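Each structure below is given as structure tokens.
Below are two complexes that have subunit A in common, paired first with subunit B and then with subunit C.
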Partner chain A sequence: MTDMPISTAPARSLYAQDARTKKRNRAESRFRTYGMAAVATGIIALIVLLTSILGNGLSAFRQTYVSFPVELTAERLDPDGNRNPEEMAAVTTFGYLPILAESFAAHLEAEGIETEMGIREIAAMLSEEAPAQVRAMVLANPELVGTTIDAQILVGGRIDGYFKGRVTLDSAERDRNVTPEQLMLAQELADRGMMETRFNWEFITWPDASGSRPEAAGLGVAIIGSLYMMIVVLVLALPVGVAASIYLEEFAPKNRLTDLIEVNISNLAAVPSIVFGILGLAVFINFMNFNQSSPLVGGLVLTLMTLPTIIIATRASLRAVPPSIRQAALGLGASKMQSIFHHVLPLAMPGILTGTIIGLAQALGETAPLLLIGMVAFVREYPDFLSTHSNTFPLMGDGATALPVQVYSWTQRSDPAFVERASGAIIVLLVFLLMMNLIAIVLRRRFERRW
Partner chain B sequence: MSFAKLSVSVLAVAAVSATAAAAQSRDNVQIAGSSTVLPYATIVAEAFGENFDFPTPVVESGGSSTGLRRFCEGVGENTIDIANASRSIRDSEIETCAANGVTDIIEVRFGYDGIVFASDINGPSFAFTPSDWYLALAANLPVDGEMVANPNTNWNQVNGDLPDQEIAAFIPGTRHGTREVFDENVILQGCEDTGSMAAMMEMGMDEDAAEEACMEIRADGVSVDIDGDYTETLARIDADANGIGVFGLAFYENNTDRLQVATMSGVEPTVDAIASGEYPVSRPLFFYIKAAHLDVIPGLQEYAEFFVSDDIAGPFGPLAAYGLVADPELAETQAVVADRTLMGQ
Partner chain C sequence: MEGSNMNDMSQFDQGVAVDTIKMQSRGVNVFYGDTHAIKDVDVDIADKTVTAFIGPSGCGKSTFLRVLNRMNDTIDICRVTGKTTLEGEDIYDPKVDPVQLRAKVGMVFQKPNPFPKSIFDNVAYGPRIHGLSQNKSDLEDIVEKSLRRAALWDEVKDRLQAPGTGLSGGQQQRLCIARAVATSPEVLLMDEPCSALDPIATAQVEELIDELRTQYSVVIVTHSMQQAARVSQKTAFFHLGNLVEFDETDTIFTNPSDPRTESYITGRIG
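What follows is the complex of A and B.
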């Protein structure tokens, strides 16, 4: 036994990694690479998406206008000369078109700009919206008749596209809707400062326009429609959702029935949204007789869709409040309801609001259910909050569209100028979503408590 | 104010005003239907809203069949007033309508739509006949008394005069009214012209079976059904330079800088050639008015009259400028609307 060596050198050095350690380390670094690749894929997809949307859509926020004096001839606009708006309304937009065309041609001549084009071709450079604009202006203020006004007139989509690089002299050669001569004239006008491309508030405020005047199409109706629907969702889904979650979480006995309800709520959150549209058509329109295409019905449908999201978020945040808070409140003699409303609910509020806002953001981007209740439509009248057209319910019953719906319908239009409009609408929608998510983050940061 | 109080007061206000406004009725015209008719209907709706004291009608898309189905749901303010259609109403739809109380229907034909075949502007140009399309797209062709799978892969195999280019066709899906016209005026016509139909009937098929065999489109990827809109067809042609797509004339007219159009049986699709019937692939466009709504919904009669007026639907109106082929018999249509002539009378 005494011959036994006192210590033996370790079979392997601790400084050199053995095969197993190397294998584990390799696995870890492989996993990190996978992770980074996954994140990189996501970032690349986001960059591609944003570049394409911003590249296509930013130009929608700029629009080209031409300024020239418009002579509002009294003989044509008010033949009887008594400035009676009713009689003046008899002159349609078709009557205003030649007035604009002649004023434009006369102005070109006065400025010494020579062109070989006839008056028809010159007039074709202006937007079809222009006569309607001038007519509305005159009817609103009959005193304008007989005077000459300095007007800023929208130009047609192709001319506008020229200043945005979408239309070129080459493509105009092949394009039946614009000629290179028109583009050259537009360039000359721009050089003289009479035609300018400026920021386009109208894209946000004006209603949709038909396929023949993409330059006048705006998001006004869609934004109002989306806003009304969000109001309905907030007013209905938040109280109902919170009440349901409080009852289920704090009061309801734990038995088969509540388990069943719980499973169903989680299930509902995953139901395809178009199903809610079918339900909405059957219940709200056919049975309850609410108006088709109305933001009220849209909001009700989206409420049904958002409720499960809100209930799940609310229950999670109620559960996150430590039981000690409840027990302390009860121990000091508070009733169960007092303990909930005075202590638990305020502490759970940031989580509830975050869940609600995320649910709202989800509802804001939803198109499919709106298809079935007639909100995927061409709507030009701004919807009133207290609607005059509704026969069953006086709030928000006028026809409207919504932001994602507007994107959908613009991508189907044949004029290439609508590609720009659709991307512009996506940008607006993204900005709204970003704002809502920011609010959710701020609320969480500010009020969240940790134990 | 707490949430509970807020929501209760909102509901109370709503309830009070609901009773006050209960007797109001819908005062705008509600329209749904064909996506082909949609651009025309929106142009008219827009001009109508600008020039009349009535609100601008609400126009929904969704397809001819969807529009007519909703049209036939019944009479009342919750149903639409007008259905746009790129085909005429079917007997089965009239029966559904009648079963739901929609018995009085006014059919308004307001113009024609040309269906054109267009390819990438930088590719070779094409001159088609219906036979070429039949031979290119049929699933099976009769050869020596037997049906064999279509072997053609390039256009010059179909017709020696066509360029040596791979066949890649983007045709409207069966959801579209356009497909019906394509099947009947191009494929079936080609089947008859090539003598294939006669050959099939010699093989012992009856006429219906032969027609069905004629219109069966190959499913080996050479022909792609587009269920979306023409914008999707255009995107597919942008991606595949060999692609040839089926478009509406108005869509092509808006995109002449990217597409070149093929002739059909030697005729170029122009408004004049379509109006005269010289260009073979065209179809009438319709809208259907629910007569029971005429004196109930304000502006309905005015909208219909405005739509078919010479200023709008005539050869120099905004619809023609957009690509509609004006109806040479527009005066008769105007009389139908003015007299409220019902269908079948």
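What follows is the complex of A and C.
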């Protein structure tokens, strides 16, 4: 085609890298190595954390029960014989203890299981919670009195620990709370299929239990408390935060005062959370006389803590919306409000949601401020948060606790079984956080699809 | 091209006698902070006329265009002095709500800025917020008519629900034109509407501008001398924030009175 000669022998060949290129490439590969090392460290840390928590905590979701027939003798449980639950309530858990002990011992004998232990020692294998468990069953259904029921009875924490590998025959020698004989009996019962370790919904639904009965401690109250507080935070912090951000970002004049407010909001986000606890204590409890450790107070404190996070995230995502969109709307004769609500806000929505969920997740995991407003209190009963009977404002009445506070208070207890409980609670907390992040992702997808 | 040019001029000559002044600016100055962007400009925008603003880049054409619908209000550091009227009413009067003004004085921006919504919603937005349609089919009519006028209908009629941001640059600009036309403004300000368009689309937009002239006033900023000559009846030449010359397009291009105008249109400054 062409007669032109091809120029050969270039002054600088493309095949050989010159010194500068080599240096550049070396720098790049170095940087990549650093990056991969950083990511790998993070992943290893995560794996170690997860394995340790899962290893410690998964067993909290399994609990050991023994099944045997319990004879609910009428003479002891209902002396008057009229099956009136109110009168039967006079029989305390101490009245149920001998019934359980005797039924258990009688069952062992009937099954032909021999043991040198006395009835006291045999009964000590059962959880201290067991009599209360049976009592609640009876009071709920008085017709059971006088019959023999097949009951699944919670066994003590040490026996449970034996099946989870926490307690061994050796350690039992040195333990005042359990004897090797009890463990051997438990093993035999398990071999015969009378004692089994099964999935334990009660860990999620039951309230906390005292330090001597870890096997009965559950997260129910803490989950409800956390849930109510999250609702309070969401209902208060999201609208207030978004409204404040829109005002500051779109309407407020840019002057000294707004600059000052801006600096203060950024600073508030960095204030240690315990300071918010002190504030809540001073303002809501001491000054406004709200009930200590009520979910409303907890929610208010967490709202104060979450607001700066939401405001900062919202303002950032409002600022990220290109100004040309606002101009387009204004140029068509839309009012400022219309341009913001029709065009800017939908575009900023994914960012706002992400910020809100991060704020909520922070609030969900927050312990320090809640300790200060008294949430560390041991809550044995399900609180009546909605106050159906009393005349207090909903969420203002009974004291509550929250998931992280429950973790904290369990780690304070001496019985090693609570370590397992605390790790189990952390797993629940992590699952909640995971779910919140999932919700965030789903919502973000939905909003992004509508551009 | 010469022919059509002459044709336009003669049309203009007939129209000038009945033309009334739609917008009038007297002694307008615009400052961005300390930058004096527009210096003491007087302009009359005649009704049912196309007025072209020409001048080198950065001379203040867009700035002055934004004076006419108070879009400068949205720029914090921008300050406007002087008097500008629309049909005798001072648009900078404190009683005037700029939102109402912008419904009458529409704008197409220099850079295409469709909403990140569907093509239909882009065009329907103005009619919706101003309540221009009684029902859905009314709205669909407005959208179709506007898209046709902007020479975009044939390309998008099958995908009205597709995102407006997914169109090509030139299509986006025509979408913005359709969007502005859909609100039926009395004055339409167009900031380089054809800078991203190919010659065919440009010709279509110019046709639209010519058609709009029968009902509205159009102000168009352009860097193309030929375009100014083709579509406009009046031309204003800006230079360094000053209005150097404002006259009938014919006169500006054939017999400019200022030497700066002459050097610009012959390509010696700019």
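Please note the rule applied: the second predicted complex is superposed on the first by the 404 of 451 C-alpha atoms of A that agree within 3 Å, B and C clash if a C-alpha of one lies under 4 Å from a C-alpha of the other, contacts with A are read in each partner's own complex, and residues count from 1 in each chain.
Here is the rule we use: a contact is a pair of C-beta atoms (placed from the backbone, for glycine too) under 8 Å apart; a residue touches a chain by one contact, two chains touch by 3 or more.
No experiment lies behind these values; they were computed from the predicted model shown.
By the touch criterion defined above, A:A328 reaches subunit C but does not reach subunit B. In the overlay built on the shared chain, the residue A:L347 is in contact with subunit C alone; subunit B does not reach it.
Of the two partner chains, subunit B is the only one touched by A:G399; subunit C is not. Taking subunit B and subunit C in turn and counting the residues of subunit A each one touches, the greater count comes from B.
After overlaying the two complexes on the shared chain, residue contacts for A:D415 are found with subunit B alone; subunit C is out of touch. With both structures placed on the common chain, the touch criterion links A:Q338 to subunit C but leaves subunit B unconnected. In the superposition on chain A, the residues of subunit A contacted by subunit B and by subunit C do not overlap at all. Against subunit C, in their complex, subunit A makes its touches with residues 254, 322, 324-336, 338, 342-343, 347, 451.
Listed in rising order, the residues of subunit C touching subunit A in the complex are 69, 71, 74, 76, 99-100, 102-104, 106-107, 109, 111, 113-117, 125-126, 129-130, 163, 165, 176, 179-180, 183. Those residues of subunit B that touch subunit A in the shared complex are 3-4, 7, 10, 14, 17-18, 20-28, 30, 32, 35, 38-39, 41-43, 45-47, 49-51, 53, 55-56, 58-62, 77-78, 80, 121, 228-231, 250-251, 253-258, 311, 318, 321-322. If you check the complex, the residues on subunit A that touch subunit B are 89, 92-94, 128, 132, 135-136, 167, 171-172, 174-177, 209-213, 235, 238-239, 242, 285-286, 289, 291-293, 371, 374, 376-381, 386, 388-395, 399, 409, 411-416.
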